[in-house]
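Labels run A, B, C and D following the written order; every chain starts at residue 1.
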């Protein structure tokens, strides 16, 4: 077939996902969705990652983000941390394997893990600022965000960042706008080595199993999948060559869970606090009903006058007269 | 031809594993309104796709440029760029440079006008294309007429021009390259080279 | 109430000194005894504090529990609420600091406070005659004062830490979480203290006037802060007048 | 590349040495990860630095830059000593059995015929013994001590694992581990691919680096097979095309040569080409040279090229030197022998060695013309930017024209990838401002110059005024028109030579392929190897059928690959002497008793009998060369030479500095440094976040890697008191730069010849224009010396010193 023309092709933009698929909505409740979307997942195979930052580049371009040009601080990580404009970041770790004494350059793509039990959503006080779709996507709805930063504290992975420009919180959306029209995230599409792949969570787990088998055949006995149960599993998962030590990968939490402090704050404190305040008010009402008001008596006034002595030239005390109050 | 279908088939057929970035099998079927709460409107709606290849390295990844406007009317403007899923080599993927090609096309430092820097000056001045072409051709003729070697010491016809050189790029098309070859060689220029070495 | 009840108490008449009175405290002795309790500036200071605390409570509660998020409407929406809350806090802090400077001295604990506090049952059942005489502030008021002082310090410190716009970046996420928890617990407590404070002002009749008009009746002073009245009578400034209203 | 990117999926072992595919070619490297994931392939990386390629390798070993030949010859020795040789392949497809001429010898680092004065060899003894039948003498038994195989064994005897460690700094156990992995690929069913790039070419012996690996690949039987090959990753998107089309001082499109002044006329010129076969029945394809040459001349000068005037042979310039390469061009400028220069999308101020010299040279020009879509440092070489370009504008008398061009998104045409695929692309947007296509600019300059000559007269205008210019709009030839020219067309109606009544191609029609080209002036073709790219059927470069039967990775209907849409060069070598695939699992083409057929276009005449015609038809032997006769200036076998600036002396030939035949300009001798003053071995390279000096203009890439840095080991940092992330100063005999210090475990000191060698890595992406931070690059430091054969600058191995410092004076 010889093609001498370049026919334009209009992309299909039919929306296939929307608010009707919410299973959680921050600071509010949603009705049980009528359908269950197939859970999706992004799988990041750290053993295939070459740290090229194509994911960062594609993310910036797709999301129309403009990060600042920084400086070099002696490492390859640029920017140096996630920012409101950097939803994903390659983190580089030079690790000498104590068993083999060989250097391993561990490169991990950091970004939102899309937890099944999202700490950000739990912490969020603004109704509808954070939503979770039935396919597992946890998304921030900018319009509803109030910029309080509670999601930052709620997140077990230290992901959300608050913009100083518009005071709203930002993180990876899993390219919800692409998923909504049937495409995968921009980072997964760009990834040259397919270290990042995207599909249904089941497919991704099956793919991970193959990858782990390959890694084990290459001597990585502890290769495994990172899908941490502490947050109910995640919709961004890692294949790690050293799954027994996640934290060597630039501090990936070994056993992530929503912090007990956040649980306390968003759990017991929230309810107990309201209760205590309510009780204080109720006790007041109860007390006034039982004890009544504490009133000053005529005698008190009289004693006051007595104590202070009548002023020269003042009218004599007339006990029959009602005291001025 | 429905490209989406062709792309999916291609990926499946080519055994690229789970590399598919087009989801069809995820149970999405109902059409929804174009804008819904929380979801950014799909930004490529209404754009034109053009097949191109990455101008950087010689892997020559296929790219698709999404543009708005009309090329014929001079209004076409690229607004996004992604890997071409149909391309056998890159399969829709791009490296960090390729993925940011839009910022190359739209770079703040793109040149917009012919300019000349006069001898001893510390700045460029804008000139018209006519002035530029005229000035360059005049320089060439002056130098060529003065230094062209028609015959060597032995009287052999050598027809070479050694005092002006030409360094061709390595990212121009074959067609540009051949036109360049023709014009440069016809002048007898010998200090002709390209970027193969660096 | 018989004289003997009033005078036949088994409590000693306390020694008083000049130190038991504040600078603006003054007796007006005329047909009625009126005691200046708070100066104009003290009252303004108090009400700024009160308003900022109320605004803080409302805006804070809005972000504390989803069922109260509607309160953000009072401030022009969630973004404005989030933006204003810390500024209210700053106002509160400085305003309360003013009150603290004014009030701290007479809020220092005294021996009688222990006795007073141990008889909290008598306090609550309005049987003040059984309590020791107290100065300008009783142990309950002092407790409110000091808890406010401590809680505001805690709130401002934790609040600055979690102030996203300016300071969050200086703390680790774990520190932020601790700060967040402390801030919310302290907020709950301070609101409870505030409820007690407001309620007490209502419960003890004639109290509110001290913060509106700045004075109380002699009877009120006799009944609730007799030691203070005694000190005033002995050492305080006084206006003797024949025709005084209020 | 002998193979293609997509073919790498078929390999069992990938060796990345002299390159860094994961960083420089991530999407091509994809196929390495595919081979690993789907075939269980292994990846070995050998590099001075633990690169991002190394981060996903199965095995990594360090090597001192500039010592690759010692390592590779060590591998060859290991394979031969351990009988890890694919014997049938070596016997059948290489010149192992050819007997060498008496007189050829090698000792102390030099071959027969060296002239120290001229730094040149007399290569006349570097050849085969020719028998009385006129063919080369062979000893199929490999018993003759002067056969290539035995001469090779003698030649490499010195490269023991201990010697490899001593020269390269690669620990012996690591070398042996790699040797063992590689030697396993000597079986016909295991294949290794070599991926290399400028890490091998940018040395004073770059060509021999590559030859060394090619020899190893031949011994393992890995050339011409799926998943094998010598795969030059190549740099720029169309560097393959620009080279194919011969935009070099000594080339004519399709790897033909510009005549030298010794070739005084066409008969003389053509008589030294078109080699006769060295063995019976061999094809020796270069015998068709006259057809390609004449067709080219017809494309150039149309009706002005006639048999009577030897097809305008006179119009071609005749060279007095082997090449007017860029290094020579800048030397000439510096010597006041060149007055005008054009840079078409090229930034020599940052690209060429010894930047101070480049600045000096440009400042001596009368005029400089820069065509580029972006600002370049070169076009502003006269502008003072403090430490980043410290010049005095007023004293520079060069007139500089800066012409805005289109970029890829705005133009149309074909680029040739490293797998030789010609891929067409289309414009997506209109050009910004007054930018113009390069074709328009070249046409306008040419037409104006021609007009000046027509109006005013001048020296030898003939070649210009008669240039064939058949374009509908002479002022702006279209890509389509030029592509047709490149493919070639019939000038006159072509008839079947065996049956003159049969018309094969009508006059004016496109030729179907280079087999149709003639040497009588009846055909024209701009670049014979591209013939077939745009036939009467249409533009084959625009084909987008990505079907791939049996997933071989060939994609025969995707675009067009030269030559003749062939995807794997020398593919006849994928089958044994009888034409059966070496590895049935990886069949490429096979002899079916009558013809060759399979997944690729056969690289030999399709009906040639397997026992007759050798796979390497471009060689007169029909076979590949372990011994390369006189084809290379610096020896028929590779030899380890140190870089011109090396931290240790050459342990096998201590008297020799650098490559003994690399060209050195007299004026540059003074600027070479030595290890006493400059103790650290530096190398330059690209980073994955950037593409040369382009992407510093791209905001996103500037974000991803914003600022110039150098990389050093923790040991060197400690020794010199340099802090991670702090500033340091790096200087060579030629210049000095300030850089941030990346202190890393990925660079380790090596022990070479008993002495620790510290490595300083210097990436090259920064300048004084664009979005990234201003910086200088390695070319401020590198020496002005090039490869002995093709003058590629020695960017990969030089000496520097380093110290902690404050930042640049003007940041």
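Note that in this section a residue touches a chain if its C-beta (ideal position, glycine included) is under 8 Å from a C-beta of that chain, and two chains touch if they have at least 3 such contacts.
These numbers were taken from a predicted model, which means no experiment stands behind them.
Asks: Chains shared as neighbours by chain A and chain C?
Replies: Touching chain A as well as chain C, we find no chain at all.
Asks: Of the chains present, which has its C-alpha mean closest to the combined C-alpha mean?
Replies: Here the chain at the core of the arrangement is B.
Asks: Is the C-beta contact count larger for A-B or for B-D?
Replies: It is B-D, judged by the count of C-beta pairs in contact.
Asks: With centres defined as the mean C-alpha position, give me the chain B-chain C separation in Å.
Replies: The separation of the two C-alpha centroids amounts to 75 Å.
Asks: Provide the C-alpha centroid distance between chain A and chain B, rounded to the nearest whole angstrom.
Replies: 41
Asks: So how far apart, in whole Å, are chain B and chain D when each is placed at the average of its C-alpha atoms?
Replies: Chain centres of chain B and chain D, defined by C-alpha means, are spaced 21 Å apart.
Asks: Could you grab the centroid distance between chain A and chain D? Build each centroid from C-alpha atoms only and quote it in angstrom.
Replies: Spacing between the chain centres: roughly 51 Å.
Asks: Got the chain B residues that touch at least 2 other chains?
Replies: Each of 16-17, 48, 50-51, 81, 83, 90, 93-100, 103 in chain B touches at least two other chains.
Asks: Please list all residues of chain C that touch 2 or more other chains.
Replies: none
Asks: Residues touching two or more other chains, restricted to chain A: which are they?
Replies: Residues 6, 52-54, 56-57, 60-61, 192, 194.
Asks: Determine which chains touch and list them pairwise.
Replies: The list of touching pairs comes to A-B, A-C, A-D, B-D.
Asks: Please name which positions on chain A make contact with chain B in the complex.
Replies: Residue positions touching the partner: 6, 8-19, 35-38, 40, 52-54, 56-58, 60-62, 64, 128, 131, 135, 139, 141, 143, 173, 176-186, 188-192, 194, 197-200, 203-204, 207.
Asks: Spell out the residues on chain B that touch chain D in their complex, using ranges where they run on.
Replies: Touching chain D from chain B are residues 10, 13-17, 48, 50-62, 65, 67, 69, 71, 74-78, 81, 83, 86-91, 93-101, 103-105, 107-124, 129, 132-141, 143-145, 147-148, 150, 152, 154, 156-198.
Asks: Can you name the residues of chain B that touch chain A in the complex?
Replies: 3-4, 16-34, 36-51, 66, 80-83, 90, 92-100, 102-103
Asks: Using the touch definition up top, name the residues of chain A that touch chain D in the complex.
Replies: Within the complex, chain A contacts chain D at residues 1-4, 6, 47-54, 56-57, 60-61, 66-76, 78-79, 94, 96, 102-105, 107, 192-195, 210-211, 214, 217-218.
Asks: Write out the stretch or stretches of chain D touching chain A in their complex.
Replies: 22-23, 26-27, 29-30, 33-34, 36-37, 40, 50, 52-56, 58, 60, 426, 537-540, 542-545, 557, 688-689, 699-709, 723-726, 740-746, 771-773
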